[in-house]
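Order as written gives the chain letters A, B, C and D; numbering starts at 1 within each chain.
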């Protein structure tokens, strides 16, 4: 790879120049006041991105997976029951983590491509009169299938059942990309990472805890030290960190939140939606369909595109890489070989998106799929053209 | 501009990551032996790129314009006569420089879009029995018109006329992009810069002098100090420089020549030709034509594309920048408003080229030109697909 | 802080230019073969630095603290007993982590400034006939006190007691700085991070597991997912990672091991020793003493310097930062206010070390301590001068 | 060289992190409005640094030598007479350039170490009743000898003689380091470069022209194109440049002037003076003396230090480089082998300065000079300590 092409994996994203420079720092004394001047603006910025005023944010040198572990080990105890839907690889993995940590998981199995079934959740929660279910797990954006679930609906299910379970949400590939409302939706723990909507290199697990989740921490008996938010909270109060902080990435996070909030979150979301719509119009022009079952589930972060029966979708990804130095995402788990994915999260221009679509067309043509060269590009161009003026106005 | 889109001006080019890092150096002591370990490999590398074994290379902290001034002030004296064709903005400017330096220029005026008329040169040189013409100036690649002239033919004209004039060649936007043979073509001074085929930031004038040109230096009476190659030559012998050297750019030049020679010059040229062909196929698919009069004149560095009569071509460039953050080149001089230019020199992938063509299509459609969305892209895709396997083999 | 002074905290260290550039990478597809070409050389390089041929190396997006958690959760079960000495802040914290994970810790309390008492360990292990002690924890370099413990002696204690306990070693601030012999010393888990001897930004926990430790993994019942080495091992086999890998830091680790192994580990250790000796000679010239009780305990990574009774050593650190923009380390835990620390690990030149000593002298003079300006500098200069020729030879 | 030590050559200087990042830019379209947003603030910033409101600033991709050539070729004609003192290598070279450009130079020969003799200038100018002398050349800071000349006195000499000659001043190693007052001193052309007080990599010639100098441009007959300020002026008006601009360096210049003006010029000068004084106190503590004849001539940019009779001063420079990786300046021209130089311009901390002095002491001791280790360091420490509080206040 020569590093010149944009990448279209569903994260890590293309890193804007200013963020690369923010991360690339000489060593500072992380016990000096300079550190606090990086840490606190980063935490405050994340809160605004999460749309929370009552929650607290903690940032670990880790990844989204570490964020999940932070969420469960700080709020739950061995043997606790949790409710979760398995509708893709990432919800699957979080369930697996819970089981490995000795939690009992009530799994609602969905077809991959579906969203979280809030109705089913409401049924289950309503029947759980003893409130044995201590937490509901929800994956906001299933990166494997390109499905956006309705977290507000999950909250309504909890409320309708009058159930006190905590709501733990994986927002790894949604936060910073499309709307996420921690306070309004009553999210108790929100989990994300540095390498998606924040457009940074991987290396940070970013979690938000609601006051209710914070209350659960003392009684949570799952063992933890590295991921214990109590040590983090204690450190932050003193402009410090419980161990060596990843200063460069935190400085990047500070700068990233400045960029996102400077642009305006609603503009960031509109920008993602516009780019994503162009990709989807191209997919439809190719005569293909998305893994996501219906338009309300379409993710503005990533599109998983179904390939024809009998065709190995992984060939698209490997051919794109080997022949055109371009990275798309393979299908994972149940949809391995059945879909390929185009990540369209983070900072992407029309030109970048069109370059990805152009290459996808060449690849599919090379592999004998019935895709007309230029057809998807034209559909996306039409969309980008017609919405360009509005996009410019928002960016200004 | 958000810096994420590739640029399509005909230089400076997109800078590969490895070259940005090579240039971005902490200060070293330029009087220490470390400097020689940067300077000499850079000079040797440039010689190989120029295909000269008998010439000497000098590198100035300057630009191609400074390279022209180096060429004439080190070989000519006030009142000397030179022969030159004016077939574009850059040949025009070099002629202007000669006149401002008190040289008499016999100008052969050509239509912009034509190459250097070697036949006319032969006529003029043959008639110059007293050898009053001391030098012939030739612009290898007219960046303004996208025209490649035939330098070998100019050499043949000189030889046919049995004329001793020096052959001074502007190879600013050809060297490192397509074939240039200093020794074989009897080029006496070759001029280029850092920001074109070498893919570096601007800031270096790079010149090659043949033994015959070196002989002319002592008798050349045009005043010069900064551009005097005698000071340079004396410095180089001692691993030194006559003034403060641009160490980072020289380190970049060393690395750039390693890249070009590592890839193989013929592969570099084939790569440029392949990308350029894709662009030209798109242009033809749009129903448009190039400024260059005939295919033998097509430049593999830049294409100047004629727009319909009555349409201001500059609108394409400004609309592309304002609406899609993409930079193309405007028309200059005689063809201002009549052409826009797509630079395709330096390190470009298929995906990058296609992103430029996609945007060009949107821009032209936005401005009401009768261009079908996706049409040029499809033509370029077809070309890139069919030649991708061969390109891969060469890159390996 | 203006970032121009070297830092003298005991890690993170000053980052060499080449490592900053290795870490600062554009995003690549971490599921492509390119990733394996970064990952495997990094792992192989670390093995050589650990001096192990039989062990396996795992690298997590985390810190040394995460490395400790990896060590215990992958080898132990709730209620297991471990043996550890508390002789500084970092051994203290590791003990605390064990207790929070439900392990029973037999703590040997030492005065801070002492090394691990191998004799006492041998007594305890000999009396543990039922082998209830499942692991011995040892902190090779106590960063808080500047004490190097004798790991070979701990191994001899285990062997003399014929005890099968695992030997888990914190080598965070020793590995890559002074001699560490995983195989020869029978270390079962070795723990370090990116930001000390490897001279990288923080963000990686690096652990080596012996075959015996690997055997213990399946029966280890402490819950873990993020830090489960089985997922790592499975990923590595496929050039993959169980979650998003910190590619830039891994690329830095690859480059760092190339640097260390290229220089030669024994030369790296000699270099650290030489710089450290200069610092110690300065300390003695100031009439001060080290926290480490005896010369055999002196650490080549960091020196903790005792200040006079009644003087708050933290004032040195804050005055140095506020007045001279220079970062030293404060005393931690039991020696807070009683020592200040000069980190001398990683890539340091004589000039850098002398700048630290110069500033330390000014600071102490400013604060009224009876230190003669230039005295420590002169002692260090004498040492560096007399050993410079030898150092050069090793570097060559 | 491992790049970790600060350098003590009298320019290029150590480059602050923020300036390295400002220079390291991806390519932009230099014909787009973005370019004007870099260019004009850079030019305006330079004007403020030059303390001129009536002059115009021009910036060339070149060096200080190119700045000299710009000064003379834009204001003078072949055969014109100029007055200059030769009191060091750089004044010598400028004189040489004038002669090579066909100017008649009345040279006042001074001992190296002396300043410009304003009295002698006044005599000569007074006798030049026909005003044949068209320009007076003055080197503000003789980098070779560490001598600061009194430009205000040269202006007074011109005024006392009621002489209309232009005053052309080489401020390459003074501007941005110590006080320079273009308007107040009636400087007609001020010349500097990017790599001294502006702390950038080399590659820019920066010149200021007074209204009077601008008037002289049309009648100046020395041939020039690359350095013709008329083309520059015309370009600037259109946010453009007469050839490819060195965008990254110009962006660095913009940022550099923001840094200097943000700190406050008087604070910048006080900072240079303070660091320089520490170096001079060290020199005197070593029992050595400066090349500059008297304290009023001491340069705050660079100190040239006389070594004992019979000792080859170059050995200091080569030994420092070979043994301690540290770069000092050699003696040039008349004082070659008789002095070595410590550059102390640009961004330097106390710690950096002390590291240079420490190494100088080791080097001199190694070479058998009677220098007591720590003696110069102690003298400088005393100075830095006593002035640290005041320095902090200014920096705040």
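Definition applied: a contact is a pair of C-beta atoms (placed from the backbone, for glycine too) under 8 Å apart; a residue touches a chain by one contact, two chains touch by 3 or more.
Chain labels with UniProt names: A, B, C, D = Serine--glyoxylate aminotransferase.
From a predicted model like this one, the values you see are computed outputs, not experimental measurements.
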Averaging each chain's C-alpha atoms to get its centre, pick out the one most distant from chain B. C
When B-C is set beside A-C, which has more C-beta pairs in contact? A-C
Averaging over Cα atoms per chain, report the distance between chain B and chain C in Å. 54
Chain A and chain B have mean C-alpha positions lying a whole-number Å distance apart equal to 46
Where the CA atoms of chain A average out and where those of chain C average out, how many Å apart are those spots? 35
Residues of chain D engaged with two or more neighbouring chains: 3, 14, 17, 26
Where on chain C is chain B touching in the complex? 17, 21, 26
With touch defined as at the start, can you tell me which chain D residues reach chain C in the complex? 2-6, 14, 16-17, 322-326, 347-352, 354-356, 358-359, 361-362, 365-366, 372-375, 377-378, 381-382, 384-385, 388-389, 392
Within their complex, chain C touches chain A through residues 1, 3, 7, 9, 11-15, 20, 23-32, 34, 61-66, 68-69, 78, 96-97, 100-102, 193, 195, 201-203, 222-228, 242-249, 321, 327, 329-330
